[in-house]
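Chain naming follows the written order as A, B, C and D, and within any one chain the residues start at number 1.
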């Protein structure tokens, strides 16, 4: 065994997050670590690396009992970690980020050339050709995720931990990552892989450890663990099959158009985008990373200014200068990067959830507390948000639960048009089906949904129609009946000359 | 040897003030400016904002500008020595105003022309002597000191404390800094009067604090001048008026009107007259016997 | 604009701000040279450098602290205390004064490091408190008045003498700035400082020794303030327990004018120097302007003008930076 | 409704959070009580109404300024200009009722104007700070440093640096008057703090202030008018500084542009920090600020009343500030 963690317990403010969890990883083994949102996966990892201190339990790594006081120590011992919330210094360059804390040196000084060349070389193995002197903040979530991965694999570690590394990657990049993992494995390196997309786990992992409520409930070889059993262990109950719930597109063709975007453009990222969202439908927006989906959403929402083309909402031309104006019209946006664009970390769940609703929740400037509590309680229940109380600061929630609160933030405003940018990112399989079902139900009640997703499976399952972007241009609109993985791929790969 | 000053119709003179955040300094500056204007001299005025180091830099920039003579009101005794020496080296005579520099490091008549000013220790001593004669059985003193570390605060304390001690029978029950400011002086006096209700004398290092103390005494339900004697230094109009009103018992003047004497000394020096190393400003003393008569002359 | 940016390799908005401060400095020097006689005289230049090297040193320490996202309000008090310590020790040997003063600064810096990293008190408050404590200690050591240095041990040479026709304090500042540049740009720890400013939690997760680096930065700032205090004592012949008021704001302003964001994570050593010189130049120019007789009638106008100047500089810089930021996106 | 189990767990976990929130507040209160206990034991004549009176009247201006400062800090900003704005407010008021600006025809009207105009003026200067911070995206510490430097100069230029001495009962009521035996400035302080407290807790504006400080980008994306919120807090801070300036000059029967409000920014910020509001923004604890200011005042009083020499007092003050902040932070954590 390379790593064995036993009887790990950890409480936050007296509330247990881990109750006797364990994890064992062998040499050159790829171990899947799965569990619902809030099961304690990330916490277990952070205890291993020394980011958190454990209350109880023992950790042995490479045959020795260890107890790391800070990540620097575990890193020095050969544990490289990609944390769930992309963990890079945003203003430092890509090259610096890859080598931070173990910079190549000459005569004690940083060898900048070696650093730059090394960074270019490793990124090339990930098919990434970017200017490594640019600050990482300049790049999209996906690129940053790849940089974080590059950082981890260049550490010559014995154990690489990946906490949801694929949540913002598309298929192409996932494939590259998996190739990397195989290479690592061949080199005798072990990997702990945390993820919510079960198919991926089956593709890459040798074994699986399943956690529920802070405990390890099952482990075994991946091949011997049928999907249903895995899900049952995770949830502690059976999951209804992930059924296709989209309705036939023709049915909606006569519905009034809620939003139409015509030849919209701004800057260089959005060149020429046209799409429509009708009342009562879920309209998908697909594309490779960097195709400009997020920017398109920002344009519609007034977070960026429209420069070319036209946006019509309920038939009227609109050009919002502020999100506030879009919100007043009944539009909501669940953004892609919840840490940067979503949560107010120190605020409670209650206040985070009702932030967009505030103007409607107040009478002459005073917040109606009773109504607020009522609304919050109902959404916590409806979305199954796992928290100790609505007063808990949102930053203490697990990633997936934060995402649910943000979804709740917009749902409670009773929007007419909801834009969701990667709505199920980091959400466990149980909750994911629940969220898609919820979106569908709301659509049935008349809501128009624009769903951006990198998961084709999700689009296939939920969307009534998918607009495909490539390089900032809408290149195809696929109605429900023409939707298939192959069709989407073909459209996404389309080159605009 | 001392640099010479050529005889001219008008001069370009520097005046390096230490700060201008209290009425006394402002009166001093105004007096210098008014006199320069009257005589037609060009005045290069700098304000060191309470920093001895900046004052040296100010003097250096005056030297760079090639002034004929520098009036320096040194913020402190020692740190201004380099300024005096730099001016001497550049051939510019210096006249010190109201505070002097360390006599062991720079000498009047040798490194600078002369020192025109008052003697802070003497001021403290004079007020103490008055008190010893007129205490009428009062003996418990609250002392409101000036800004901690400043030379007038140190000297006014020294002169007073030593004199009072030799007389015997008095007790300084509390001595705290009021920063030469009215508001701070009042706040400190309020706290001290509360902690020492038996105190019957307040000695403030300047008028502003004395006036603040009067407000504090009144707020504590006592009568200044009757229950508590208030003593002060500076002798501005407001303080002299307070003497007439019976609120301040006595105040030593520390006259800020340096202008006439400063420029007169400069002209005498230019003519080649011998200047005394020390030109002491005559400071008045006000108490109930003369305040009314002198009010008009107070600054 | 783009060609221009490329020529000067101006990549980020920070570079634009740095360019701004250098242009402003050049402009101010030109203004002074044209308007005042003797502005560029050797005497003025040398005494300007001699005096302002203290502020340059403090600004450098502050720059590093600010790059980590912290702030050090204690520099003025530290310098005052170090000047007293140096003055008290100067009779024994000039080196005793020099290193004693630096050690005093180091001690305050270590206290800051301790309160910030171990007690986890926010830097603003931690250093505000140590500022008070440093002044208190200075006054206690000095017995409430300035302490004469020894004129016999050679201690005064540090602040008052020249070397190769250049004031020694200016040499010291130059050397220290070079070292600062080396540390920031060429040593790993410099990069770590910036990464910590980008986000402490993130930096810790990336395996940086956050506490140790932070402590080192505060100690460095303290030591530089101590060095400034030594120069203060030496140059003016006295340890001055009440000097240094407002130095922290001067240093912070220099750093910011030099294009460093107070939120941490970015910064430049050279631009900090330019920022310090720029702000110091304003005082020098005001003194010369007084000589012309226009504004000398009121000292109060000077603070209005200084505030106005700061306003102009930061507004211009904000403009430059926002332009830099918008063009920086590809 | 992912799983039934999830809800069950959520329901059964004890709500211990409350206790720690309370403990967090308790930290400063504990420091405050310890100080009182010390004084009762060692300071002569501490237990008297006059002591209370002295301390409350002295702390009033700090609390008023610190209340505005709390809001500014909650948005992630800071306001260094408060002391200078106090000087401007304090310089303007006597100029108005003494007829230096325009002839006074009716004293009551002039006094009313002397209350209103200076506060409007400082509020506008606060607005100016806000504009620098929002429109020009200048960092708050530097944006307000401009008026910190220039503001006092402006006040000095207005008065030519001269002291304005006056007696005016109507105007001085704000500092010398009593309502039901309680000094007017104390009542003013309580009213202002109470309004701010209620605003933070119960109003949309309060929520917005905290959201802006917590994550500005996210706040904008939820439709919060970030710029307007910031402009408003700087304006409030400016206005409250103006009010404090009025109190100080009224109390002293004199306005001294050179000294009114000198160093107030540090006292106010220290009060905010000791009170448990993080300087990084995203929180606003008005009650904490009130207690923080009381702690600072009491420390000052204690040192004075016990005759601690100034130099030593500085050190003790430093240690006590650190200790209070430390206790307050620890108390919030397990």
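Note that contacts are C-beta pairs under 8 Å (C-beta built on N, C-alpha and C of every residue); 3 or more make two chains touch, one makes a residue touch a chain.
Molecules present, by chain and UniProt name: A = ABC transporter related; C, D = Monosaccharide-transporting ATPase.
Small disclaimer: the values here were computed from a predicted structure and weren't measured.
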Comparing B-C with A-C, the one with more C-beta contacts is B-C
Rounded Å distance between chain B and chain C, as computed from the means of their C-alpha atoms | 34
Take the average of all CA coordinates in chain A, do the same for chain D, and state the distance between these two points in whole angstrom.
-> 42
Counting in whole Å, what is the centre-to-centre distance of chain B and chain D, each centre being its mean C-alpha position?
-> 35
Indicate the residues of chain B shared as contacts by at least two other chains.
-> 20, 148
By the touch definition above, chain D meets two or more other chains at residues 161, 310-311
Would you give the residues of chain C that are in contact with at least 2 other chains, written as numbers and ranges?
-> 139, 144, 299-300, 302
State which pairs of chains touch, listing all of them.
-> A-C, A-D, B-C, B-D, C-D
Touching chain B in the complex: which residues of chain C?
-> 36-39, 41, 43-44, 47-48, 51, 54, 139, 142, 144-148, 151, 160, 232, 235-238, 240-243, 245-246, 283-284, 287-288, 290-291, 293, 296-297, 299-300, 302
Chain A residues within the chain D interface of the complex | 13-15, 36, 213, 235-237, 301, 303, 322-324, 326-328, 333, 335, 340-347, 351, 355-356, 358-359, 361-362, 365-367, 369, 380-389, 391-392, 409, 428, 430-431, 434
How about chain A: which of its residues touch chain C in the complex?
-> 49, 51, 70-72, 75-76, 81, 83, 87-92, 96-97, 100-103, 105, 108-110, 133-135, 138, 151, 267-268
Residue set of chain B touching chain D in the complex reads 20-23, 26, 145, 148, 174-177, 181-184, 186-188, 190-192, 194-197, 208, 211-212, 215, 219-221, 238
In the complex, chain B touches chain C at residues 12, 17, 20, 29, 33, 42-47, 49-54, 56-58, 60-67, 76-82, 86, 90, 102, 105, 147-151, 154
